[in-house]
Amino acid sequence: MEIVKPLVQLLAALLLAPLLPGVINRVKAFFAGRRGQPLLQLYYDLAKLLRKTPVYSRTTTWVFKAGPAIGLAALAAALLVMPFAGRPSALSFDGDFVYLIYLLGLARFCAVLAALDTGSAFEGMGASREMQFAVFSEPGFFLGLAALAAVTGQRSLGGMFGVLTGDSWRVAAPVLALLTASFFIALLAENSRVPADDPNTHLELTMIHEAMILDHSGPDLAYILYGAALKLWLFGSLIASMVLPSHSGAWARDAAMFLLVMLGVAAAVGVTESVMARLRLTKVPYMLITAFAFSALALIFQMGR
Amino acid sequence: MITRALLLVPLVAGTLAFLLRSDAARRALLVWTARLHFLLTALVTYLHLGPGSDPGEPGWFAFDNLGLLFLGVTSLLFLGASHYAVRYLELEKRDPGEEADGGFIFNNAPEAVFTGCLLLFLAAMTAVTASRHLGMLWAAVEATTLLSAPLIYFHRTRRSLEATWKYLLICSVGIALALMGNLFLGAAGLKTGAGLELEGLLAKAAVLDQPLLKAAFLFLFVGYGTKMGLSPFHTWLPDAHSEAPAVVSALLSGALLNCAFLGILRVSGICAAAGLAGFTGGILTLFGLLSLVTAALFMVGQRDYKRMLAYSSIEHMGIMALGAGLGGGAVFGALLAALSHSLTKAGLFFTSGLVLAAEKTKRISEVKGLWRRAPRTAALWLAGFFLITGTPPSGVFLAKFIILKEALEQRHYALAAAFLLSLAILFAGMARYFISMTFGEREGKSGEKPYVEEPAMLLPAAAFFVCVILAGLYLPGWLGSLLAGAALNAGGKL
Amino acid sequence: MNTFAELIIVFIILIDLALAVTGSLSSCIKLVALQGVVAGILPLLAMHGSPHFRAVAFAAVIIALKGAVFPWLMMRARDRSGARKDVEPLISYPASILLCLGAFIASSWLGSRLPLPETGVAWIVPASLATIFTGFLLITTRTKAITQVLGYLVIENGIYIFGLALFVEQPMMVELAILLDVFVAVFVMGIAIFHISREFDHIDTAELSELSDWRRGEDGR
């Protein structure tokens, strides 16, 4: 039974991930006074896209076709090490948070390569912006995970969230609060949410992430959309595990609580998007540097404790 | 009782000056407050030095020899300044102000503000000299900054405004660091309950936490050193001293810088009692010498004679810090330097106001042949030059000589050489300006109306100069013992 | 209770960082006020046992002064001077925040080196030193006269927190005198800003450079 549980968790993550963008959209619609899309819109989109035949430009090579598939594979593999409700994850080893970051990097790298492969000016621009922000966001994220490792004294993600309990919050509340804030900013930036990017934009000049995937169609686009949902789930579960460090011991109850908090995180993202305007492109690095500063502060606090 | 009166008289008078309507009444108030303050100072000095009476009122405000010395200087200067200021204000009222080198008309600040701030400034300086609690000392020093800022901005011109802003900000921030030093000092005595009162700190100096005490000294030195105008924290000083009205420059240079020096002496006295005299002495000597060298470098090529006087003040602050740093007998020299510099520099600033009134410019190159236009002013100007550069006989000479002697006795030959070299550069640099201003050929100024020299404005400077010469010839017994006692208070030996 | 005090300390550091990146003058003023209020609350938390009346009254005075009077004076100075609404830094915001962060790292190193008495609340010494440094940062890298006054206030906040950390008990009179000085300083500086804006039509201190021994040009003839 204990062997099955991690697999069930993984399966749940893979299945439930597309729900999160739906929740975010509903929250935004609520704030805007609209009814909004159905909650399951992304599932419908994916089903539709998977049935379609992709269209490839003659200038593209195999890189363009491989990009989305590799990206999705990398994100799915990253999900393996992500704990679920403080339970051991399917895969866990010392230093697996570095593995997580590298897989995220690989996914991004493939998306950027595929975008560049089209030779389109807009996609190149989107790719360049994506990389520029990644330069600022990755150090902060990495530093944050390192600080978390220092707080918990564990070197695997499963271990870190396994020992993170209410007591840790009582002892190290400032550090954990800073880290949560830093991760939340990383979530917004990495998933092209509002202060950094606008997922709903229709003007190529202002796009970042969306500009990169303009030429993808059919199953390739489905892979990218699904991959984006997985990434959102990944970051969301990171934050959910931070703020919900209680373990009742009962698997089902923990899992239910965890899913509730995930919904809460998605709602928080929706609220953030509704109340904030998108930052000017030149200001986005400031936000990411702020996240870096939070992580760095948390690490300093932890080191001097 | 007298201490309290000394503090309250200028405080009440200052408040009153804001309320009075009539200019004449306000001027009378200024002069009579100064006289009363001086009388009270003389009385408290007499009681202190007199036979068999030194109980010293316990509390936050009381006088020891060191405080009394600086109080005396301040009070005497203020007495002279008040007489000068009254006449000055009358003249300012009569003629509309004209920017000395810009040629446009400006307004003056309301006289009530000027007189009121002047009197409150005196109250704050009195509080500095009387404070026995270092926190109170800090508060009083900061108060002097804030109360003198409106005085610098008496002539409402852009230049004086710029000077006021720099003065306010640099000194406030500097003094904020001194507050930090106070906290360190408190922490140093936390375990032994020494508090921040001088008596407690001096009594328990030996058991204070030494690293914290060092940190405290550094912060207090930077803080009060900024206020004192030691290089490299001096940048505000030439601006403020050159743009303020002459009477304010005289008080800033002669009295206020001393107050900051007193702050440094208080804490270095504690450090000396704690056995850190080597540490504090090194720092004081270093920055003293640095100020001296800076003043010498900037003196060459000055164009503005009030700035020149300001740099001369930096020089003397350097000499005082140097003397305090050398310790031993040099502390006596430093205190004598403080006394004679204050009187001489105040006299020079008073005279510079007359030069400005006569020539309507602050540029050295445009003042020539002053002795033809204003012979008595020119005589004072030249006399002041000889006194301030330490030509014997004068208190300044005596002070420099004592400090040099101590440096040689302690075998600091390089230091002594640098000291003498800087003094020589300063002498040569200043001589050029003073001589060209006094004697140079007067050209193209035939049609100007004669300049009336006001005796009331000449007299304070002349009196101060006579005092300085007398101090160089003969130190009265009471003054000698006051200085000696003050040197002991500041951690020196005899 | 100490965890709460630590949270406040973290909050103070975050305000430092925010001050380093904030571009708007009015939010700068608000942040400084907020920091003052938070610092004013701190002694009540760090205290053991029930707070006595004197401490509460003093904290109330500080909070009222820093939270209401100073921001009001500053806002008035800003409105009267007709200054532009942003702070116009001399260095870029990322550079500011990195400097601030570096200052915090240096302060924590310094805080661990200083032989200070045990404070009970972690991070209070580095936080105060970093706050003082932030004040210097505001003074030196922002051109407006108002931001320089704000920098002065931030330094004052930092020193106040430092004083709390060291448990240096000063008599009430002295504390009040210090507070009065700070109040008068802000007041006088506010008046000076008003005059500067009237004389020069701006409050950009980088332009206040008529008096200098280094500029030879126009004055030398």
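First chain written, first letter: the chains are A, B and C, and each begins at residue 1.
Just so it is clear, a contact is a pair of C-beta atoms (placed from the backbone, for glycine too) under 8 Å apart; a residue touches a chain by one contact, two chains touch by 3 or more.
Because the structure is a prediction, the values reported are computed rather than measured.
A comparison of C-alpha centroids places C closest to the centre of the full protein. Of the two chain pairs considered here, A-C and B-C, the higher C-beta contact count falls to B-C. Centroid to centroid, with C-alpha atoms defining each point, subunit A and subunit B lie 67 Å apart. Computed centre separation for the pair subunit A/subunit C is 38 angstrom, with centres defined by C-alpha atoms. Mean C-alpha positions place subunit B and subunit C at a centre distance of 30 Å.
Residues 114-117, 132, 136, 139, 145, 148-149, 151-152, 155-156, 159, 162-163, 166-171, 173-175, 177-178, 180-181, 184-185, 188-189, 192, 195-196, 199-200, 205, 208-211, 213, 219-221 of subunit C touch subunit B in their complex. Residue ranges of subunit B in contact with subunit C, taken from their complex: 60, 133, 135-136, 138-139, 142-143, 145-146, 149-150, 153, 156, 158-159, 161-166, 168-169, 172-173, 176, 179-180, 182-184, 186-187, 190-191, 196, 209, 211-212, 215, 238-239, 242-243, 298, 302-303, 307, 363, 365.
Across the interface of their complex, subunit A is touched by residues 3, 6-7, 9-10, 13-14, 17, 21, 93-94, 97-98, 100-101, 104-105, 108, 111-112, 122-123, 126 of subunit C. On subunit A, the positions that touch subunit C within their shared complex are 170-171, 173-174, 177-178, 285-286, 289-290, 293, 296-297, 300-301, 304-305.
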